[in-house]
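Chain nomenclature is as follows: A, B, C, D, E and F, assigned in order of appearance, with residue numbering initiated at 1 for each chain independently.
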Amino acid sequence: MRIVVTNCNTTQSMTEEIVRGARAAAGPGTTVLGLTPTWGPESAEGWLDSYLSAAAVLDTLRTYQEQEDHDPYDAVVMAGFGEHGREGVRELVDVPVVDITEAAAHLACLLGRRYGVVTTLERSAGQIEDSLYTAGVARNCAVVVGTGLGVLDLGDQERTEAAFVAAAERARDAGAEVLVLGCAGMTGLQRAVGEKLGMPVVDGVGAAVKLAESLVSLGLTTSRAGGYAKPLPKRRTWARPGAPPSE
Amino acid sequence: MRIVVTNCNTTQSMTEEIVRGARAAAGPGTTVLGLTPTWGPESAEGWLDSYLSAAAVLDTLRTYQEQEDHDPYDAVVMAGFGEHGREGVRELVDVPVVDITEAAAHLACLLGRRYGVVTTLERSAGQIEDSLYTAGVARNCAVVVGTGLGVLDLGDQERTEAAFVAAAERARDAGAEVLVLGCAGMTGLQRAVGEKLGMPVVDGVGAAVKLAESLVSLGLTTSRAGGYAKPLPKRRTWARPGAPPSE
Amino acid sequence: MRIVVTNCNTTQSMTEEIVRGARAAAGPGTTVLGLTPTWGPESAEGWLDSYLSAAAVLDTLRTYQEQEDHDPYDAVVMAGFGEHGREGVRELVDVPVVDITEAAAHLACLLGRRYGVVTTLERSAGQIEDSLYTAGVARNCAVVVGTGLGVLDLGDQERTEAAFVAAAERARDAGAEVLVLGCAGMTGLQRAVGEKLGMPVVDGVGAAVKLAESLVSLGLTTSRAGGYAKPLPKRRTWARPGAPPSE
Amino acid sequence: MRIVVTNCNTTQSMTEEIVRGARAAAGPGTTVLGLTPTWGPESAEGWLDSYLSAAAVLDTLRTYQEQEDHDPYDAVVMAGFGEHGREGVRELVDVPVVDITEAAAHLACLLGRRYGVVTTLERSAGQIEDSLYTAGVARNCAVVVGTGLGVLDLGDQERTEAAFVAAAERARDAGAEVLVLGCAGMTGLQRAVGEKLGMPVVDGVGAAVKLAESLVSLGLTTSRAGGYAKPLPKRRTWARPGAPPSE
Amino acid sequence: MRIVVTNCNTTQSMTEEIVRGARAAAGPGTTVLGLTPTWGPESAEGWLDSYLSAAAVLDTLRTYQEQEDHDPYDAVVMAGFGEHGREGVRELVDVPVVDITEAAAHLACLLGRRYGVVTTLERSAGQIEDSLYTAGVARNCAVVVGTGLGVLDLGDQERTEAAFVAAAERARDAGAEVLVLGCAGMTGLQRAVGEKLGMPVVDGVGAAVKLAESLVSLGLTTSRAGGYAKPLPKRRTWARPGAPPSE
Amino acid sequence: MRIVVTNCNTTQSMTEEIVRGARAAAGPGTTVLGLTPTWGPESAEGWLDSYLSAAAVLDTLRTYQEQEDHDPYDAVVMAGFGEHGREGVRELVDVPVVDITEAAAHLACLLGRRYGVVTTLERSAGQIEDSLYTAGVARNCAVVVGTGLGVLDLGDQERTEAAFVAAAERARDAGAEVLVLGCAGMTGLQRAVGEKLGMPVVDGVGAAVKLAESLVSLGLTTSRAGGYAKPLPKRRTWARPGAPPSE
C-alpha cells in the first residue's frame, strides 16, 4: 500500500526526517511518499502557524490529487503534532486519514493508565490539549509539558535529549506512565530516552503509519454519514491573487 | 472606537449584511469596518471550508494591518459561526478579538439555564460544538440543531423562518430556554422568530460587537502571558507560488 | 438606561465603592443606582452568609420594585462575588440580571485560554467554583485562590495589593493567563496589579455593568420559557415576625 | 439520639407529614423533632422560593439552638428536595447535616446503575440537578422529570400516583433503574408506586434519617478543616427592620 | 438483621479484623457473619489480584447460599477497598450489596466538600479511582494517595500511623477536607489519626455496615430492572478442574 | 510474530470463530493461537459472568505461560467485548495486551466524529460503557445499544443481521457515524451490514489484532512504571479446593 505523509511546514529537511521515521515504521509492503507544502510556515509553533498550516496542507493534498498523473494512495498521515486540519482532510480524501497527535495517544492508551505529552514550546500545550480532546483521547492524558525548545532547535541531539528527559520527569510526576513525543521532529529520540526513563515512548509518526496500515488492511475508511461528508461543490479560492507570496 | 468585522467567506454581499447587523448593534461612538477575504470559500460549510477560511481571514487581517495607511482599530469581531481561526487572530493583533460563536453563547448563558444553537446544515454541528467547548461555554448548551438550509440558501426569508422555527422547537424539546442564531447570515431573523417562540434569540454578530465594545471600554485585551503570545518571527508563505489562484 | 446594582451585604460604604466602580465602567447614557440590603450579613464570607445575603438581596429588590414611586430600571447587577441568589433574581424581575461572578468569567474567557480567580478567604473558593460551574463558565477556570484577607480587611491598599500579587502568582503557576478579582471590594486593584503582573485583570463589577448594558441594548432579557419563569403566586413571609432583628 | 428535621416551608401540615415519614424510618432509639420556619414561602417551587427558604431554615435552626432550654440534638435532616441552604447549615451546627436530596441519591446509587428523580414541577429540575452535582452524586442520575403537580397539589393520592407513574416511565426510558421521590411531600407514594413499577423507590426523608443515624453512630460530623468552617463572628441582621413581615 | 461480610482475600486473620470492625459499627439488632474465600490471593494489591478476588468472592457467596442449611442474611458488605466484583454480587444475591469503597465515599461526601483516600500501595490508586467513578461518587474525591505500605504490612501500628498521617497531609494539600481509609485492614487507625489531623476519617467497613442496615431497614434492595438483573441460567465452571489449586 | 487470542468463555466453537476472524485480519508474518478457558461461563452476559471470565482468562494465560514447552508469543488479544480482566493481563504478561473493546473504539475514533456500539443484550451496555471509559475512549461514543440477542443466539445469520441493522439505526439516530460490533461472535456481520448502512463497521477482533501487531512492530509494550507493575509475589490460590468444579 502507499501512504502519503504530509509535513505541516515548508521545511523540506523536516519532511525528509519524517519520511525516514515513517519508513522505519512501515510494513514491508508499504511505500511512503512525503509531501511538503509549498506555502505556509517554515515551522508550526502556535495558533496562527497552525491555521496557516492547515490550509496549506489541504491545498497540498488537493493539488496533488488533482494532478493527472499522480500515483494513487491508500491513506494519509498528517505529521504535525497538535496542528489543525485533520477533519478537513477527512472531508477531502476518500482514504483513511490519521494525524500523529491522535495516533500517538491511541497507542499510548494501550500501554498505561495515563500518558504524558512532551512537546517543544509551552505555548503549544493548549493546541495539543484541544486536539486530543476533539479526537476523543484526552481522558487518559495526565499532562502536556514543554521542553522550551523550538521546532527548529531540535537539531542539537544532546540538548534536546536533556530537555526532553527533564520534561518527561515532570510528566511522570503528574501521573504519566507512558510518554508521547509531541513533535514530528523528535522521532529520533524515542529509543534513547525510553531507556533512560524506563517508560514506553510513543512517536506519533510511527504510530500513525501503523494505524493507517491497520485501517487500510481492514478495509476501513472515513465515514461519509455525518460531519465528514464530502466538501460541497462551490467556488473556493486557495491563494491570495496577485499578492507577494511570502513575508 | 473602531471595530473591524471579518467575514469568513469571499461573498461581499454577506459582508455587507454582517456589517449592517454590526452597525445596528454598535453604540453611538463605534465605527464598523467590514473586511472580506480575497481568497477562501464563498461560504463556509464544513471543516475544509473552515480551515481554508481561517487562513484567509488571518491573511486578510495581516495584510490590512500591514498597509501603511490603514486606519487604527480597537477590536476585531470574527463573523463566521463555528469557523476556525479565533486563537490565531488573538496571537496576530494587539486588540481584543471576539468570535460570534462564543459571543452568542456568553450572552445566552446570562438569559437562561440552557441554550440551543440553530444553524444551517447538520454537518456544521460538530464544528460548533467543538468551538463552544474550546471557548469554555459548552456546558450550558443543550443542543446544536440544523435547519437543513445552506448558508447561501438563507435568502428566502419565509422558508428560512419556517425552517428556523421547526429547528428551534427541537432545541426547546432538548431543554433550550434561549436560542442562538448559528450563522452570521441569519441576523435578520432574530426579532420575528423570537416573538413566535416566546424565547430570547441571540444573534452572534450583535453579541460580539457589544462584547468587543465592552472589552475596549474596560481597557482589556488578550493576554500575552500564555498560549496567545505574539507569533514567533519566522518565514511564512501566505500563498501558493505560481499556482492558479482559484478552483 | 438605568442599572440597579445590589450590594450583597449591609455595609453602606461597600455599596458606595461598588457604585463608584460601576459608574466608572458605565457608558455615557447609563445611570447607576446602588441598593444596600437593610438586613443580612455585614460582609458575605461563607455559605451561611451567602444564603442569608441571597434572601436579603431578593427582599431588597422586591421591596424596591413594590414602591409606588420607584424609578424604572433596565437591568440588575448583583455585586456579590460567588454569592447566591442569581437565579432567584432572574425569576423576580423582568429585566436582565448579571452577577459579577459570571460576568468576570465571561469576559476573562475572551482574553486567554484559562483564567484564575483571586478571592479573599480560601473558604470562599468552593462557593465560587460552584457559582462558575452553574453559570456555565467553569471549564476555562484554572484555579480559585485566596489571599487570606477578609472582605472588611481590604482597606489597607498596600497589604491587599501584596496579598493579591502573591495569590495571582499561584494562579499563574496553575495555568491562568487572565486574572479575575474575586470580590466586589477589590475593584480598585485592577490597574495597579495588572501592570505588575503583565496579565489582564478583570473586575466583576465593571464586567457586569458592560454585559448588562449589552443585553439591554440588544433588547434581550431572561427567558421565561423554563427554569426562570415568574415566581408562582403564593404566601411568602419575608422576615421573622416579632423577633429581635439582629444578632 | 435526637434528629431535628427542618421543613423548608411554612406549612405546618407538611412538617407533620415529614415527621411521620422520618419517624417511620428512624431506629428504635431515635427521637425526631420537626421544625417549621416561621417565615419563608408556604411551599418551595423555584429559585426565589428556594433562596428565601434557605435563609428562613438557617434562621429557624439558629433561633432554636440559641434558646436556653432547647433540647440537644445529634443531627439535622433538611427536608426540602432540591432546596438551598445545606452548606450553610453545615457551617452553623456542630452535628452532621443531611439533606434529603443528596440522601436519596446516595442510597439510589447503591441500588442500580442509574437513578431517576421524579419531582413536582418541571421548573424545579434545574435546582435539583445543581444540588445533586454539588453534592457529588449527579454522575449516576439519568434524568430529573416533573409530574406537573405543584407541592400543594399532592393531596389527591390517586392523581398524584398516576402522574408519578407516568413520569417514572419517562425516567425508566431515560435509563433509570431506581427512582427517587423528588419532594418531601411524596413520602406516602413509595410502596404503592414501587410495586407498580417493579423498581426500588427511594424517599429522601427516610434516606436522610438513616444516613444521619449512621453518621452519628459512627461518631462522624462535618469537617471544619475547609469550606464548612464555623461562620465568622460578625454583625448579621436576620429580619427586615420595620417592614411588614409578609406579602 | 444479619449481614454477611466478605473478605476479598484468603487471610483468615484479616476477616476477623474486618468482622470486629463491622460488629463495632453494627446496630444492636445486627449479626455479622464473616466469609473468607477458600481461594484467591492472600491479599489484593493490584489488578490481577483484584480480578482473582472478584471471582473467588462470588464463588464464596454462591457456595454459601447453595448450602442447604445456611442461615438467611439480609445484606452483603464487600470488604475489599477498590476491589472488583461489586456489580456481580448485585446480580447474584437478592439482598442489598454495599462495597466498602463506595460506602466510605458516600458518607465522606456528607462531611465535607472534598474527600481524599489514603490507601496502601500507590499502584492501587487507579483501581480505587475507577471504582469511585463507576459507583458515581468520584466527583468530590480530591485525590487518592498511597502510604507505600502493603496490605500485610499494616500490623506495625506505629509505622502505619506515621505513614498514614504523612499521606493524609498530602491529601489535605490537594483539597481534601475529609479522609477515607483506603484499606479494610486500616480500620483501627480511624480515631487516633482523626484526632491528630483534625479531620473526620471514614472507615469503609463501618460505613458499609451502616449503609447496609439503612437499606434493609428501609426495605430497599438492588433493582432488577436493568444491568443488575439475575444472572442468566447457563453452564458455568467455577474452578479449574484437575489443576494444582495453588501457586 | 505470534499473537495469543483469549476467548472469554469456555465455548470452543466461539474460540474457533474468533481465531478465524483474527487470522483474516493478521498480517502475513503473524501466527494466531486461540486459548479457551477450561473454566468460567459458557458465554459472558452480565457482570457475574464477566468477573468469573476475568479470573478464568488470567488463569488460562498464567497456566499457558508456565508450561515448560509453550511457544513464545508477542502479544495478547483479549476477545471478550466489554468483559473485565484487561488490566490484570497487563500486569501478568510482558507483552502488549489489547482488548477488543478498546481496540474497536480506538479505530472507530479515526473514522468519524462519533461511534456507536451495537451489542447483544441491553444488560451488557453498562459494562461496555465502563470499559470504554476506563480505556480512555468513551468521549466519542454516542451510544451503546443492544440487539436483544444473547451471545449464543447469534448463529441464525438472518435474524442476527436484521436485529443488528435495527439497533444500528438507533445508534445512527443518536449521532453515531461509525459502528462497532459489540461482541466477538459478530465478526461475520461486518461487511454485509456495513454495505446496508453506508457506514464503516469496526470489528473488535480485527482491530485488536492490527493494534497488537502495531505495538509489537514498534517495539512498544505495557509500562511497568505505574499501575501495571508486575504482580507482587505472594500466595494465590486459583481454584476452589475439593469442590465440584462446575454448576
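Here, contacts are C-beta pairs under 8 Å (C-beta built on N, C-alpha and C of every residue); 3 or more make two chains touch, one makes a residue touch a chain.
This structure is a prediction, so every number in the text was calculated from the model and none was measured.
**Q** Chain by chain, through touching neighbours only, how many steps does the shortest route from subunit A to subunit E take?
**A** 2
**Q** For C-D, which listed pair, A-F, A-B or D-E, repeats its interface with over half of the contact pairs the same?
**A** It is A-B that reproduces the contact pattern of C-D.
**Q** If more than half of the interface residue numbers appear on both sides, call it same; otherwise different. Which is it for subunit E and subunit F?
**A** The interface of subunit E with subunit F is built from mostly shared positions.
**Q** Can you give the whole-Å distance between the Cα centres of subunit B and subunit C?
**A** Measuring from centre to centre gives 29 Å for this pair.
**Q** Can you compute the centre-to-centre distance for subunit B and subunit F, using the mean CA position of each chain? Integer Å is fine.
**A** Each chain reduced to its C-alpha mean, subunit B and subunit F end up 45 Å apart.
**Q** Would you kindly tell me how far, in whole Å, the mean C-alpha position of subunit E lies from that of subunit B?
**A** 53
**Q** Enumerate the residues of subunit B that touch no fewer than two other chains.
**A** In subunit B, the residues touching two or more other chains are 87, 113, 126, 133, 226-228.
**Q** Considering only which chains touch which, label the overall pattern as line, ring, star, complete or other.
**A** Here the contact pattern is a ring, one closed loop where every chain has two partners.
**Q** Since the chains close into one ring, what order do they take if you set off from subunit D toward subunit E?
**A** Moving from subunit D on to subunit E and continuing, the chains are D, E, F, A, B, C.
**Q** Would you tell me which residues of subunit B are touching subunit A in their complex?
**A** 10, 38-43, 45-52, 54-56, 58-59, 63, 84-85, 87-92, 123, 125-127, 130, 133-134, 150, 226-229, 231-232, 234-241, 243, 245-247
**Q** What does subunit D use to touch subunit E in their complex?
**A** Listed in rising order, the residues of subunit D that touch subunit E are 25, 27, 87, 96-98, 102, 106-107, 109-114, 133, 135-140, 172, 175, 177-178, 191, 197-200, 202-203, 206-207, 210-211, 213-215, 217-228.
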